[in-house]
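Accompanying notes for the structure given below.
The first chain written gets the first letter, and so on, giving A, B, C and D; residue counts start at 1 in each chain.
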Amino acid sequence: MPGTPPTRFVYLGPEGTFAEQALRTVPAAEHGTRTPARSVPEALENVRSGDADAALVPLENSIGGVVGVTLDELAEGEPLLITREVVLPVDFVLAARTATPLTSVRAVAAHPQASTQCRRWLRTYLPDAVVVDVLSNGAAAAGAATGEYDAAICAPIGAARHRLAVMADKIADHPDAVTRFALVSRPGPPPPATGDDLTSLAVYIAHDRVGALLSVLMELAVRGVNLTRIESRPTGEALGRYVFFLDCAGHVADARLGEALQGLRRVCADVRFLGSYPRHRWTATDEDRPVPAPAGLSDADYTDAAAWLARLRTGE
Amino acid sequence: MPGTPPTRFVYLGPEGTFAEQALRTVPAAEHGTRTPARSVPEALENVRSGDADAALVPLENSIGGVVGVTLDELAEGEPLLITREVVLPVDFVLAARTATPLTSVRAVAAHPQASTQCRRWLRTYLPDAVVVDVLSNGAAAAGAATGEYDAAICAPIGAARHRLAVMADKIADHPDAVTRFALVSRPGPPPPATGDDLTSLAVYIAHDRVGALLSVLMELAVRGVNLTRIESRPTGEALGRYVFFLDCAGHVADARLGEALQGLRRVCADVRFLGSYPRHRWTATDEDRPVPAPAGLSDADYTDAAAWLARLRTGE
Amino acid sequence: MPGTPPTRFVYLGPEGTFAEQALRTVPAAEHGTRTPARSVPEALENVRSGDADAALVPLENSIGGVVGVTLDELAEGEPLLITREVVLPVDFVLAARTATPLTSVRAVAAHPQASTQCRRWLRTYLPDAVVVDVLSNGAAAAGAATGEYDAAICAPIGAARHRLAVMADKIADHPDAVTRFALVSRPGPPPPATGDDLTSLAVYIAHDRVGALLSVLMELAVRGVNLTRIESRPTGEALGRYVFFLDCAGHVADARLGEALQGLRRVCADVRFLGSYPRHRWTATDEDRPVPAPAGLSDADYTDAAAWLARLRTGE
Amino acid sequence: MPGTPPTRFVYLGPEGTFAEQALRTVPAAEHGTRTPARSVPEALENVRSGDADAALVPLENSIGGVVGVTLDELAEGEPLLITREVVLPVDFVLAARTATPLTSVRAVAAHPQASTQCRRWLRTYLPDAVVVDVLSNGAAAAGAATGEYDAAICAPIGAARHRLAVMADKIADHPDAVTRFALVSRPGPPPPATGDDLTSLAVYIAHDRVGALLSVLMELAVRGVNLTRIESRPTGEALGRYVFFLDCAGHVADARLGEALQGLRRVCADVRFLGSYPRHRWTATDEDRPVPAPAGLSDADYTDAAAWLARLRTGE
């Protein structure tokens, strides 16, 4: 029912990964059901089919890799809407059934992307251990819990869920690395503007037009709309045919973003609106505070200009 | 009274110049009064004060010089509106009280700009004649009529009005040179769009902003609005502070020109709308035929994009 | 030794994946050694350390995921150079130890990204089979070879290497999907220009500059340099600090690309040149044939303009 | 002889006008000959033919009108070079043979543009006087000297030369209005860069190219070159075919201006270099002090980028 808050949540599983940890930061999810999905497509199909109200899936992360699937799924099939972003520090821990000296660790289970992220730490502290590839951070934690491996590289929530002892935390090479997740629902009114929002778009560009991307950026620049992310993705047909995923500062309800969206709609082969939602803020003193609308680009400036044009047209 | 067609016309005098000739091409002027003014400011003040309904003044010409005054007058004081442009070939003639062999012409009266335009002809056909500067083409014709000078360089209408014999016509060095005039009225609804219109603007740019002109052009380019003329003029305060006079293809009633105008209104220090009016056409096969709206920039495209945005905002 | 052709090749393993298949298309690799590496970082470190002459790693693919690691590795650490791109159709097959009717297949081993790419086919032809996630396409083929699974989704080379019977080929949902690989060496002179080349760059943009990406694109557009790919990647420090990976049409030896590179070098926080190399061509009639330099942007035009400027400066 | 300082000067006459006053501010002209020319074309032809070394002609002024002829003459025929600009306050005076009360002045001689500039003053102080049009400010002064008119509106130098009494000074309506003149020579090395220079160009744009002017401005903007003036002029063939006169901040010897010039040379139908010369400075504390090269656009940045590109190309 439109307007009803979501109660049935899915997330990219298995249990005990960063995605579950991210979902736990969404207040409504604490009171609803939280079901792991086997893949991003499966999670999103649960929402499309109505079996779930919202899905928490990774959008972008320092580990790489999963983003593509999410973006492709959002760009194709029945439209879905991002209603919230969750940004989580990539906070790997080394965990084991019981705490033991590092020197006794011979086999460490890890997702290949996790061990890549902790390469420097592994080289320094576990130079002689064998790293065994497993399919997810959750599977690594589970393997350590059964004793199959001496230890696991996993998310804090994975250690907690499997009652593992944390032997070392913050072991990722980039201490500030984060992962960004999206909470995705079926189409409906976007959440209200907060003054510090992001808008996500999938923009299709005709293949053979030189300077097409420049045109897209000019549509944004002329309305003072700042880009915070851009990805070109093959459309799946062949390399060379692209869709651009853009994250823009602002909300679809803002006058200037609205005009920019109309401009993209007119000049691009296709534009899919993926949602407007509050930007993640770490703290109130976040240095990345919202850039106020440049001179002449506030909603009031738009209203004034529209009234002026109306006067010119009628001659009054 | 608004809506009443103009009947009282003024034009840049004196009688017998190109301005009068241009006014005679305006159908309504044939049935109204036609009064010469001593200067462009005087002609426009007659309209502002209500003593005349419309003024015919030069905007731009191959001879140069007069444009500046007209532009400055339109940009300052009470607003006025260009409702029509008239483009006239610069068609100088050599005329005299009676036709005589060229060898007997010793003194030719000419406005300095007219003799400059006919320099090559004078050098070839009247190498020994003295050219006497006079204050206007009309004054030259008048001087030939009184016999004060052997001949005059003047407009065809000047020769006709003073019953002079035309001894040589089309004597200007550039056979295709033209002069462009504007018919100017008090503010009111612009004439309806014809599909091939021009819009004139005076755009003020803050002095200290690097790239300000580029911003102006990007506002136009993003909406596919083509410039047919641009002039920077000192604002009269000092060199270095400028107003730009722009002629844009399109009509204020067009969606894309309307959006571009709103953009200029927002980002420029000031914008004065000087009118939308049909572009002068020489013939139906004119090679400068109107450029159709680029893909995505027609009124229908604007309507579609606005409806799409409304759907996004409400989530329907 | 500089100038010596590479003889020791590494590729992203394990054996029997698309990366090995791609390496086999490189003529020199047929006569050299071909060693699988456990990860992209390991493959590239082999080259950096001198243990290998060249590495074949995935750059971009319809499957997604691996790209990020490769790009990050190329952007950081000791510089490396892409000297060749290899584009391979994503041509998944279903293979088994012996050919059996599809109805007898109960367990299929597949890398999660491979099963995602073949979802439609699996739903249609193996609706009741269980898909077991494994760590690579090569591991899937190996598992089918040992009989651990009834069948595997793998690359043709994986089936061949493990002497599997191909029960179905071209089972990917997007028949035209491809993967793009890079052959990477230590720095040195780029391969000579062919008239149809690509240049890859990593461009760092100061975080707090509105419109910075537009500036980058304008540097390219003004020199008529077309972008074929753009990716923004977090720098690893935090989300919001980005490096852009650009693929541009043209060769570093081209005048216009050279000028554009210098422009990027001047206006960006940093630019890393990742290589100029021949663009992959499918056939001689490839519809994506090279766009000739736009008017005024050929090497000859650059030479002419430089000579003209020299004359202006000396006054000769 | 190249390198010889000019000694024979011409200026737009007649004697006693602002042009003569401007020439007197050029040190070399004090020791050389100063000859009035009847028109801008005549002055420039004297330089082209070698009869004079340099000509002082008006470029731009608040009075309007003369600019066009100068620009057209510089853009056509044998090339000439602007080597210096002179900016003069428009400082009209009312002068007469003998000082008399204003109430006794009935006829005032004035060039029409001069009386236009002093309209407000005339309306206030000489509401009943008749203004008689004459052909130049110099002619007005001469007419007052002979007693043909009671007074003249003229330049201070005109009053001095004709030994007139100045009855009122600074009578122009815009107290800060100025006129800008150019000192023009035959082609040769431009004067050395001073760090605060202007470069003048005539740029021809193909008629039928939408967005051509935007391309020109982008060539400048990408190199951080600021425009201080832009004029579109009909080419003399017909309206609609334009040449743009640009004044750019910077010197042809500057790296970034040089690169921008080469860009214009490549993308425009034609570019004529009209000279690089020191910008006029009123005082050392002039608020319009030169904008330093934006980040990345200094000569040193260009040198660094060129060296970097050379390294990329050779692989060293």
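By definition in this document, a residue touches a chain if its C-beta (ideal position, glycine included) is under 8 Å from a C-beta of that chain, and two chains touch if they have at least 3 such contacts.
Protein identities per chain, from UniProt: A, B, C, D = Prephenate dehydratase.
The structure displayed is predicted, hence computed values, not measured ones.
Contact with both subunit B (Prephenate dehydratase) and subunit D (Prephenate dehydratase) is made by no chain of the assembly. Centroid to centroid, with C-alpha atoms defining each point, subunit A (Prephenate dehydratase) and subunit B (Prephenate dehydratase) lie 57 Å apart. A separation of 59 Å divides the Cα centre of subunit A (Prephenate dehydratase) from that of subunit D (Prephenate dehydratase). Of all residues in subunit B (Prephenate dehydratase), those touching 2 or more other chains are 218, 221, listed in ascending order.
The list of touching chain pairs reads A-B, A-C, B-D, C-D.
Those residues of subunit C (Prephenate dehydratase) lying in contact with subunit A (Prephenate dehydratase) across their complex are 39, 41, 60, 62-69, 72, 87, 112-113, 116, 119, 133-135, 174, 176-178, 180, 210-211, 213-214, 217-218, 221, 224, 226-232, 234, 236-240, 242, 244, 288, 291, 294. Against subunit A (Prephenate dehydratase), in their complex, subunit B (Prephenate dehydratase) makes its touches with residues 2, 81, 187-190, 218-219, 221-222, 252-253, 258-259, 261-263, 265-267, 273, 295-297, 301-302, 304-306, 308-309, 312-315.
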